[in-house]
Amino acid sequence: MPKTVATTLRTAVAGVSGYAGAELARLLLCHPRLVLTPPMFLGRMDGPGADGGSVALTSLHPQLSGLANADNLSVSPFDWDQLQREGIELLFLATPHEQAREWAPIALAHGIKVVDLSAAWRLQEADNRAIYKLTDSDPAAAATLQAEAVYGSPELHGPAIANARLVANPGCYATSIILALAPLLRANLADLDCGIICDSKSGVSGAGKTPSPGTHFMYAADNLSAYAVFGHRHTGEMLEQLHLTTEQIQFTPHLLPIPRGILSTIYVRLNEVGSIKKIQDCFDEFYISSPMVRVRRSPMLPQIQHVVRNNFCDIGFQLSPDGKRLVVISCLDNLLKGAASQAVQNMNLMAGWHESEGLL
Amino acid sequence: MPKTVATTLRTAVAGVSGYAGAELARLLLCHPRLVLTPPMFLGRMDGPGADGGSVALTSLHPQLSGLANADNLSVSPFDWDQLQREGIELLFLATPHEQAREWAPIALAHGIKVVDLSAAWRLQEADNRAIYKLTDSDPAAAATLQAEAVYGSPELHGPAIANARLVANPGCYATSIILALAPLLRANLADLDCGIICDSKSGVSGAGKTPSPGTHFMYAADNLSAYAVFGHRHTGEMLEQLHLTTEQIQFTPHLLPIPRGILSTIYVRLNEVGSIKKIQDCFDEFYISSPMVRVRRSPMLPQIQHVVRNNFCDIGFQLSPDGKRLVVISCLDNLLKGAASQAVQNMNLMAGWHESEGLL
Amino acid sequence: MPKTVATTLRTAVAGVSGYAGAELARLLLCHPRLVLTPPMFLGRMDGPGADGGSVALTSLHPQLSGLANADNLSVSPFDWDQLQREGIELLFLATPHEQAREWAPIALAHGIKVVDLSAAWRLQEADNRAIYKLTDSDPAAAATLQAEAVYGSPELHGPAIANARLVANPGCYATSIILALAPLLRANLADLDCGIICDSKSGVSGAGKTPSPGTHFMYAADNLSAYAVFGHRHTGEMLEQLHLTTEQIQFTPHLLPIPRGILSTIYVRLNEVGSIKKIQDCFDEFYISSPMVRVRRSPMLPQIQHVVRNNFCDIGFQLSPDGKRLVVISCLDNLLKGAASQAVQNMNLMAGWHESEGLL
Amino acid sequence: MPKTVATTLRTAVAGVSGYAGAELARLLLCHPRLVLTPPMFLGRMDGPGADGGSVALTSLHPQLSGLANADNLSVSPFDWDQLQREGIELLFLATPHEQAREWAPIALAHGIKVVDLSAAWRLQEADNRAIYKLTDSDPAAAATLQAEAVYGSPELHGPAIANARLVANPGCYATSIILALAPLLRANLADLDCGIICDSKSGVSGAGKTPSPGTHFMYAADNLSAYAVFGHRHTGEMLEQLHLTTEQIQFTPHLLPIPRGILSTIYVRLNEVGSIKKIQDCFDEFYISSPMVRVRRSPMLPQIQHVVRNNFCDIGFQLSPDGKRLVVISCLDNLLKGAASQAVQNMNLMAGWHESEGLL
């Protein structure tokens, strides 16, 4: 499929004030293809009361000062006309779900492609999407667009992403679990009768920037707590992407007393007695062309400090002595491979660039 | 001064929902003199919209469950009549400053003594108090009561506290600095011309329980930041208790990425060349009868982990090779010796008990 | 069973220098029955090269200074004759496993009862014990003594502990998992065919005081890592105490970036569709007379900050919407209910006192 | 001074196993000028028993896997002949001080320039250097070479560094303090009679990778402690670079419970009443051409999270209301601007490239 590859791309980011937004800004500012066309930064809302009007980028994120031309950029109020005047080709939505549900169609109508970091367009099944309480002003059009939206997991849907107009960037927990399980399930190695157990632990940045009792330092520090047991909203992504039923996978997230990073410990029973070599080959082959996934040699296991502040997802495993049970561990930085760097990876594919550009 | 010593005391705590309130509840529940008369727990506000009505104590503070009779106690709406019916003799105010300023006179009018953990009554000078923006409905009465209020530092004002009706429990930073400097200043060892530098570092609990950008885990964790440089409101307590001018003492607080604990590093120039023995004696003699202050042998220095979750203030020092400069370090747990356990120490004195009862 | 209850007990602690030893020292120093007979503190080794000779207790543990008569106590070289001269009745062994395996018979031969905090005497099956590589100079005598040793879980074996001469204090992970599962297994509620998954997370103090790459701050901080997958040595305790096979329970420990606390997330399939009430009753009834276990009301779940620095084990659960799967969460402080306070609880039972004395 | 600028440089790193070594490896691997000539990585010792022989780089530092050609590189035993065969032009020494003292002359004799990250060559005064207990086999030659060595602070000695053969990369604490004070002292703004107080706080990585009681997680976590009061070995660098006497500057380091980052709080009395503008101008002008120093607008102050994992030193200040006292705060990442990235900055200057290449 020959495709003319653009040398650069005109991008904009709506919602740069959060943690993922800051990382996205950093990655785009330093992206080798965007040196001459830095992204536009925009508020999370348009209309009266819009946020983000004319604030210097580095007043929101002082740590970015001095990088590329960060000091010359400001965050502007959101304005569709201005996006068109500037010739924006790709819009990143790091906005609340509702906003992203509303804006994606508008962007497409303006001829602007979208990478949406919210959950607004990730789920094809209305039942799975219900937890987000999204409403559509034009349900029929939304349904059509939903069917067109591509789940932005480059390792699973690379070619579709390359041709997509609307990419739904995956959830952080979902990424860590889907990437760990997809190879095993595609190879039909798992016994699903007992169900797969996914015990995940995430740093606090996953809870967002809004101060709340649960993100207070005194709550999170020196603590560990489970939450949303049997009801976390990322579960729907796992069901859809892995083609599983709720009986076949069980997901329990925990809040870790660290700023960033996710580790998922995943318990899989095998269909038949397995060997380390067979499992290793299964992962290796699946990810042979995936630069952003690092498959570790068993018995080496990923740990959070190997992925904090980089753009990889690490996957490793150990097999029980009787060869029947597998513990798979995957790690990623929830703000990067779990959000911003996966969004950049999607942008790279959509632009026809190598998926790892600006990420290694 | 012979004094009839009560075997117990009827106490109440207003404002038990915060961090210091939780520690105060724990200390009072386990206090050997209060086994048969557990404290009443009350909301922080009276009247319509009052908080704390009929909540189980352990639903606010699950960690207290199982201790003494914690599981049988509830937090009641504040009600002066009920306090009188229950024969309350001592009221702890762990309320906002404004509330404590208003309520202390009312409590005294009801014949109830007060230990106020807020800053409402700590400062004699109106200029120093101005930072709290307190207002008095009856300024003359407030002035009289202010003059009567005793600064609740048992090591400095033990006898006055024993006879006081209103004790103003000191600030956490102020305690750490005042206890470190009082012996040196009383002995006239410090050269005040160059000014004393107090560089303090505190855990996040000192910032209170209300979620805010500055108490968000993502702000505080893996970070250190100075704040309120040249303008922290505890400075007034240091000026008044140590009889210093603003030129003579400079205080810089920092926010540490830990839940609790304060360490103050204090730089003092000496009037004349000193010896380790002379300085050590100065501290030892000052605190010879103070069970809640631990003077360390130079060169041993306090560190925060020695005081976290206990009721002591630790003080240590090192002298420069030329004998002219002193580094004094003091540590305490800001919620305990910096708040709740100092309040209990004051209660002990007011009741005629040994000041360390229930604290060792 | 009438039993003459001693008013006090002469105790000694061998191996007070570690983390559990420090907590044991604190608990014994402040124990109301031991006010007049503080424990003797002894080194971890006897003979030439013995450690711990004549060191002040508070030089090892400065945080204990000021508590009870901690400042007057020293750590003496280990000497059996001195133990007899002092009339020691109960010896706590906080020593390496090998030492405890060797010393327990000697202590009993001297008429001294033993609470052993190591793993030396916990396991009845030689296969389970093999991981500790223990050797016995008199294997037959050791086997007899092993059969006599009581696993020191007061909630499971209270009466046997009360009459025991040798109590093997349980492992920290094992305690958190055994207490969470014992009620369900005794009531025959679990479907064991799919296996029970125990995903545990522990603070760093569980790894001991010896500096190593794995306890370096830079390794543990901001990190999470799984270890000893399919091979942790506490597994044997779970197998024996819960009467399970290795196929029926799977245990994965993780190292948390916090000083202390364990949280175990336990996944159980039920034999038949369950109800919240039935499960809640199961736990409530099992622990109705157990003051050191707090059963939480579903859906409330334990979290580490509720148990840090106290002596409880907290247990809670949630049931899946289809009523077939259970997530049980248990928390404890690994140095307290997971070590030192459980040892004191055992001492209380052996002395005929209430099991919670000195612990609430 | 026209200078032919090389397009690339053949580099080697001795001692890549430590924390600074890992960061140096990462920076060099990703350096745009070194894409085609990745650095050689070598052990810290030569001769029998040499470390580092034939280990894969990513087995030492798994987090580097996937970056540039990290996975194809190994760490070789140190061998001068091989360095010559490979045409190495610049050798980074991330070795112990003694090794660096011995090796720098050998490297120069082989025609290889040196950037030494140890303290071996930083200090011109033998008295200041004594604390490191260095010995020289040829004292006269060492003295000559010492006089030639350039202190590698690019902001102070850029032109000298560009022409140097031996650059002594500064200490982390020293960098944070020297950069904060140099502008004020050059402008003669400080009153030195009362002495400048430097209260510094550093993350644990500054203490190195060797496990020890002081780097144990249980010692450092939830703690803060002062150390090396009146005797830290970085003091000599401050004295020499700032031309001060020990009476004029006092430095107290503290160990922060975080992995990385230094914050120095510096107390300066002014010669005469100052203005914010005058101080701001002083810093701005001094650093106008220094891309790796970010001067903040007063009253904004640096904090550690602004510099963690980036290559900047941030400097800010606040002036007392009476205009006589200044609090200057500087922050940097001790492993980057305090070590590895400053070394790369020096390499850039020595190679004739822009000093910020590969660092922004």
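Note that the chains are named A, B, C and D in the order they appear, and that numbering of residues resets to 1 at the start of each chain.
Keep this in mind: a contact is a pair of C-beta atoms (placed from the backbone, for glycine too) under 8 Å apart; a residue touches a chain by one contact, two chains touch by 3 or more.
Worth saying up front: this structure is predicted, and the values here are computed from it rather than measured.
A count of contacting C-beta pairs for B-C and for B-D identifies B-D as the more extensively joined pair.
Put simply, the chain farthest from subunit D by mean CA position is C. Chain centres here are Cα means. That of subunit C falls 47 Å from that of subunit D. Remark: subunit B and subunit C have CA centroids separated by 36 Å (rounded to whole angstrom). Chain centres here are Cα means. That of subunit B falls 42 Å from that of subunit D. Residue positions 219, 222, 257-259, 305 of subunit A each touch two or more of the other chains. Taken together, the subunit A residues at the contact with subunit B in this complex read 19, 204-205, 209, 211-213, 215-222, 257-259. Remark: subunit B residues 193-195, 197, 199, 201, 219, 222-226, 229-230, 247, 250, 252, 254, 256-259, 261, 263, 265, 267, 269, 299, 301, 303-305, 308, 318, 320-322, 325, 327, 329 touch subunit D in the complex. Those residues of subunit D lying in contact with subunit A across their complex are 30, 62-63, 65-68, 222, 291-292, 294, 296, 300, 305-307, 309-310, 312, 360.
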